[in-house]
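Both complexes shown next keep chain A, but they swap its partner, so chain B is in the first and chain C is in the second.
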Partner chain A sequence: MSDIKIQSIAIIGKQNNPLYIKNFSVFHPDLKYHYIAHTSCDVIDERVGAAGPEAADTYLGLLYAMEDLDVYGYVTNTRVKFVVVLSVTNPVKNTVMKNLFKKIHNVYINQVCNPFYNLDGKKSIVSKRFVAAIDAIGITPSDDDVSP
Partner chain B sequence: MNKQYKQIGDEVWKNRVEKINAELFTLTYGSVVAQLVKDYEDYQEVNKQLEKMGYNIGVRLIEDFLARASLGRCADFRETAEVISKIGFKIFLNITPTVTNWSSNNKEFSLIFEENPLAEFVELPDDGAADELWYSNILCGVLRGSLEMVQMQVEANFISDVLRGDDQTEMRVKLVKYLEEEVPAGED
Partner chain C sequence: MSVLQTASSAITPFFTSLSSGDEVPGSTSILGGGGNSVSFKPAHVNESCLEFLIMEMVDLMYRTTVDSENDKEAVYYKLEMLGYQVGQSLVERFTRDRPRFVDTLDVVKFICKDLWTIIFKKQIDNLKTNHRGVYVLQDNSFRWFLRMSTESGGEAAAKKAVPYLWFPCGLIRGALANLGVISVVIAETNSLPQCSFQIKIAKS
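Up next is the complex of A and B:
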């Protein structure tokens, strides 16, 4: 069992509009994670620009670290960004993070397949099932392998 | 008798049916419903339209069904129900809803759907859809249309749906009457 503790999961749309931000931490207020997600956008845009046009679903790894928090990023083919903030005591393996992002991606895909979900809307995702699934990921991250 | 129907259904599904991608099918039906909702803005009207569309599908689908399954006439309504469940739904959706809750006069029964390929990934919007919209209502129309073509007038409607938060998805089918061949007005 890994000892990572997820503080926040953020999903950002392709126009850098926030789709969903969830704060799991008890120490820091929500606003802090909004800021973190915001600055992550810039870092991601930098990294993606450097990677070039052939990038597929890209696991970007550690974007940056601050105080006791590490920020990890992941970009999908459709330029939707997932940002996960952890507070870690030990360095986290890439495979663990990749699995985590894959799980979040799957939850997002299930949400997108809902015919009543408006993809172009600027509003955040409010679906109960999506919220519950993200909560489940945030509270008990595990090392299971995930199938797409 | 039941085992025979199941075998026929499985055999036709395996050998004589072309398959398409499930996600494509689900997304297509989903966009039909979403578009109807946007166009009509009234869930009861959407239910009616879905039922009408289903009726049009049903009157054509029955020919395809009879050709693939090459069955004779059903002896009674109970047999009809079994054929619908084990062969009809099996061939077209690869599901076998359970037939239950027969009324005392054997003219009404329920179909319980444990899985519904039309409704994968679907979550009803919060604006009252959960009280009014029957997402899979097209299936009711399909049954009505196809049975009318074999001289049975039925009414079919959903009475519960997991998308609405109910425990199960259940459709009630009632036989109204057998349709006799009508003699054209000119003859005596």
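Up next is the complex of A and C:
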């Protein structure tokens, strides 16, 4: 189990509007991760379009890699995109990333089930519980399995 | 608006535990708030509670709508929007581990099979389409109608039951919307407990 360091978690809505972008790193400014999330939208749209009519997985894997950062993507059936930026030295296993995205998805699902959250509005997510949960995932990504 | 929100927040946890557990007579439950608890045992909820809630919800809307001009419209709007939001949340939760949908027909089939099983423990009995964006879903024994009857019975009973279909209309519309399909859903019933939902999908 490689020790992954999450630099940023971004959640992008259906209309490619940013729902939540969190920067965990100390090296790069927030803006950089906004740019990364923005370019990831295009890469994801490309990948999803290329997969075409055959039913593909929700996990998209490594979208692209920059100097010291790897960008991983995941699309839900409701067309919400999760983007995680890592800085790694060793290659990361798919299972680890899938677990991570599953956890993020669970947190997102709990947020959507909140009746005070308007899914169709384009505003970012400001709920304290959501923010705290994402922070917990970003700071200590554990390797244990996620239960449904 | 707060009544609506508490009602819809009460409904979503019911469904999540109903999907894994059945009627447990006489026992109350911890409303398993969608996995927030530390132990992941599914909490069981008495199904009668859900049925009573659904019944009372319609009555509540009628009681609290004071604007006498557009009474019927307001009640319809409130119930349908309530269903819309619950439908969105349900779909978000239950399409998590599923492979991506291929086309609109796939989405409608998901609603007929998986979503209907989750909510009503059975599938839609009949699905018809004209392949031009109109689908008709027919349920021959709608679960929420099974215990409804009136003295006169027949047509009059069916007419009285229509408001109870507005919430499921919203459910279907919300589910479709969250999966990327904009639609209009109309429900009708000729005789209890049979009912049908007509989905008109917007041309894209």
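One rule holds for everything that comes next: the second predicted complex is superposed on the first by the 141 of 148 C-alpha atoms of A that agree within 3 Å, B and C clash if a C-alpha of one lies under 4 Å from a C-alpha of the other, contacts with A are read in each partner's own complex, and residues count from 1 in each chain.
Here is the rule we use: contacts are C-beta pairs under 8 Å (C-beta built on N, C-alpha and C of every residue); 3 or more make two chains touch, one makes a residue touch a chain.
This structure is a prediction, so every number in the text was calculated from the model and none was measured.
Once the two complexes are overlaid on the shared chain, A:127 sits against chain B while remaining clear of chain C. Comparing chain C and chain B on the residues of chain A they touch gives the larger count to C. After overlaying the two complexes on the shared chain, residue contacts for A:78 are found with chain C alone; chain B is out of touch.
Legend: residue contacts after superposition of the two complexes on their common chain; A:14 is shown touching chain C, with no touch to chain B. Within the superposed three-chain model, A:27 lies out of touch with both chain B and chain C [touch as defined at top]. By the document's definition of touching, both partners, chain B and chain C, reach A:115.
Residues 110, 113-116 of chain A touch chain B in one complex and chain C in the other. Chain contact summary for the complex, chain B toward chain A: residues 23, 26-27, 30-31, 33-34, 37, 120-126, 129. Those residues of chain C lying in contact with chain A across their complex are 4-6, 8-9, 12, 34-36, 40, 85, 88-89, 91-93, 95-103, 177-180. Those residues of chain A lying in contact with chain C across their complex are 14, 48, 51, 53-58, 75-79, 102, 105-106, 108-110, 112-116, 119-120, 147-148. Residues 110-111, 113-117, 126-129 of chain A are the ones touching chain B in the complex.
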